[in-house]
Amino acid sequence: MDQVTIQYLGNKPRVKNPILIEGLPGVGNVGKLAVEHLIEMLKAKKFAEIYSKDFPPQVFINTDGTVKLVNNEFYYWKAKKKNQRDLLLLTGDYQGLSAQGQYELVETILDVIEDLGVKEMYTLGGYGLGHEIDKPAVLFAVTKKTMVNDIRKLGAVFRKNEPGGGIIGASGLLLGLGQLRGINGVCFMGETPGYLVDPKSAKAVLKILSKITNVTVDLSQLERKAKEIEAIAQQLHEIETQAKDRPDELRYIG
Amino acid sequence: MDQVTIQYLGNKPRVKNPILIEGLPGVGNVGKLAVEHLIEMLKAKKFAEIYSKDFPPQVFINTDGTVKLVNNEFYYWKAKKKNQRDLLLLTGDYQGLSAQGQYELVETILDVIEDLGVKEMYTLGGYGLGHEIDKPAVLFAVTKKTMVNDIRKLGAVFRKNEPGGGIIGASGLLLGLGQLRGINGVCFMGETPGYLVDPKSAKAVLKILSKITNVTVDLSQLERKAKEIEAIAQQLHEIETQAKDRPDELRYIG
Amino acid sequence: MDQVTIQYLGNKPRVKNPILIEGLPGVGNVGKLAVEHLIEMLKAKKFAEIYSKDFPPQVFINTDGTVKLVNNEFYYWKAKKKNQRDLLLLTGDYQGLSAQGQYELVETILDVIEDLGVKEMYTLGGYGLGHEIDKPAVLFAVTKKTMVNDIRKLGAVFRKNEPGGGIIGASGLLLGLGQLRGINGVCFMGETPGYLVDPKSAKAVLKILSKITNVTVDLSQLERKAKEIEAIAQQLHEIETQAKDRPDELRYIG
Amino acid sequence: MDQVTIQYLGNKPRVKNPILIEGLPGVGNVGKLAVEHLIEMLKAKKFAEIYSKDFPPQVFINTDGTVKLVNNEFYYWKAKKKNQRDLLLLTGDYQGLSAQGQYELVETILDVIEDLGVKEMYTLGGYGLGHEIDKPAVLFAVTKKTMVNDIRKLGAVFRKNEPGGGIIGASGLLLGLGQLRGINGVCFMGETPGYLVDPKSAKAVLKILSKITNVTVDLSQLERKAKEIEAIAQQLHEIETQAKDRPDELRYIG
């Protein structure tokens, strides 16, 4: 096994001028939720798995009792209409644990998609605000200046110096290292409190994305999940409020 | 010295269709206790040592004053009866310190056992509950769905989504990376509080395992150790209870 | 992509007997502020970028919405007068995250500058005092004993055993590893509280440096920045003082 | 520069059947103090330097203002009498920062000494007790059982299961990895509180060692240093005692 290993599950998929959509774990798991939803709704087909020595040394246990080595997975979906394009979808259990591992993972991803003819990619993630947000905006960043206006028109937001810390992890690195290879891309970041997984933010990101791909999927499942999460957040908030109402001295004397 | 070095102590052992039993340090040291007990009771013979640059840079001091570089060790045992099979036993001082080191160690282990004809392996570990347990169950996970029913019949337990975090370390990785090479295996996880080494849990695991190997060993030594540990746990519990009974303000004013 | 990658933006610059001036992020960001100021004032031209797998896996977002993979950057400036020499200027977003990464980055930098004929280098950094300083002195260290007197005459200060911890990071490593290759150099360290970025210290360093390079640039921009930082430091100091004036018991009982 | 680089300062030294004495930084700096003292007293000659990418990225500043890249250094000393043997002495600024780095450093050291004909080595270190000790004993461990009695007769002490954690770092690894190459050795560990550098413990170690090497050096300098350290320890102890005498409530209310 190499540092990073790509394992095709059969023949490479025959795709034409495909675009990549990436969503790996991250803030609010926004990107992962979004891409997993797409994969499920589109019944996309898995065609490759990526293993890395910089993923945790861990297997998950499937519901049927079998183990599954943690990995990243590539799926594809063939366009159904004339205004659509073939899609490659990437999601996974983890990003690399170290800087080194992240760079090597992304280089392997770029090798795979270049080989399959990708010239355009969309990376999805969350933008952690640290506070509740009612209507999450979707921020973005691009590899080429000329793309900014087109993306803005779709409803995504560009705010100077936001996120101030740039983009950390695969969503940013795919654009940054892709840029050096001449692959263009956009990173969409859904605003999110960042405390819990955030299906609401994932939904906001997918809405924007569908205007590019002309692929529309039912989002009601994400809405249901979002309501569940809101209920949990509400409960956590109540517990916290009660704790604050207890006067301080009680903690020492009572 | 390579990243991971395998050093045979003489000729490779002549084993026929052997099965691997692995128990390295981990939660409650369940796996290590179990395999060390087997090695001792069966008088299994050491045939190889594994060194890794990702083990701690450390030697232990033997009771005769000599040093011993920390390692992992392979033993073998030849079947005595018709319904038994040759055994390879693996235990050791440490697992790799980093993710990288864990993957490389397990790849080397798989190289060794493939070379010796292993097609089946049993990895032993603990499942940390974080609370006391009277009769530890033995959970399991497998590499192939068809194995689940057979293992269940032996008295091992399958609970959906348990352990929720999957299996971390060599016991999981052997199955996960073995799966990619077509080697089948089962991981047995004895329930354990996980605070102290747990010979009781190790005993529970060995009882299940003996139904597969048809190799029965005297377990009274593990029972004795289990009683010693229970006495220590009882003492720790009393100290803790006394501390809780002291009113809080005493810590600040008294 | 190699561990560390150097990417020229076109032809290598035609420079004659150039000297290197390095300022990467560090204590008070003294070195980085100084070299960035030089680059801006001299309108130096970027000729190469360095990427490393040991930089954080991160892109920054430019003000025009495009991403920029974090890197180090080389600039050059051609001498305008007879008593000046061509300059190579190095600054960047980060130093390597690990010891390993730092050594490899500096080795690559040395490869680049040796190739361009550098025989002399000046590395700029801060010397963190942990307290306010009115007039920051500029300490130094050299690769060759015979250089000490010349540098002292320029107004830089040599105090035995200071900094006691030596020099950590690229500024020190360039001299240390350069020494082994026969490249001479001086490290200038501006005294700084080290709490905030310190343009005042950067200015002090540049004043000394200009006596070597005979290149004088307008420093008023650094002075303006220094005043802004002083105002912020003053505010922080007031907040801290107020907190100290609140009697201790209030924190527990009030 | 390789991961670990050995750099000879001229020709390799002509030594005959030499023994290695190692003392790198560690608990109480016992080994380093001892070997540095030997080097100074014997006026041993430096013949090689070792650099490693796993040392901190740091230079020290010599008293003459020049920088010195952190390293390990080899010295040699030629026997003066018939009952003496040539000595190789190894000390340095650091041990490797990571497990990996420690293994690689020690492998390089073994390559060098094997090349120079070393068949016997003495590694020096401290055994941290965590409490004051009046007359530090010197514990030991060996590579071959037959050596135990001879070493015991010199006044070194062997206590079963001490140190319980074995030996961590170069002193242990040299024996452990040396053992695999057939090089024999003894590790001497001077008891030390372990809080401060401990010249008294270093002296105890050197006394034992001199019975093996038949090389006696003046130890009065170590005695002087030991008295200085004892004075500092005494001061620290008084400060601590005073702090304990202040009633607890004062910290909260007074």
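To keep things simple, chains are lettered A, B, C and D as they appear, and every chain counts its residues starting from 1.
Convention: a contact is a pair of C-beta atoms (placed from the backbone, for glycine too) under 8 Å apart; a residue touches a chain by one contact, two chains touch by 3 or more.
Bear in mind that the values here come from a model prediction, so they are computed numbers and not experimental data.
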{"item": "C-alpha-based rotation, subunit C on subunit D, 0 to 180 degrees, nearest 5", "value": "90"}
{"item": "Shared interface numbering between subunit B and subunit A [over half = same, under half = different]", "value": "different"}
{"item": "Subunit A and subunit C: spacing of chain centres that average the CA atoms, whole Å", "value": "37"}
{"item": "Touching two or more other chains - residues of subunit C", "value": "252"}
{"item": "Set of all touching chain pairs, with the criterion as stated earlier", "value": "A-B, A-C, B-D, C-D"}
{"item": "Interfacial residue positions of subunit C with respect to subunit A in the complex", "value": "1, 7, 51, 53-61, 63-70, 97, 101, 252-253"}
{"item": "Parts of subunit C lying in touch with subunit D, wherever the complex brings them together", "value": "96, 99-100, 102-104, 106-107, 140-145, 148, 158, 160-163, 165-170, 172-173, 175-177, 179-180, 187, 248-249, 252"}
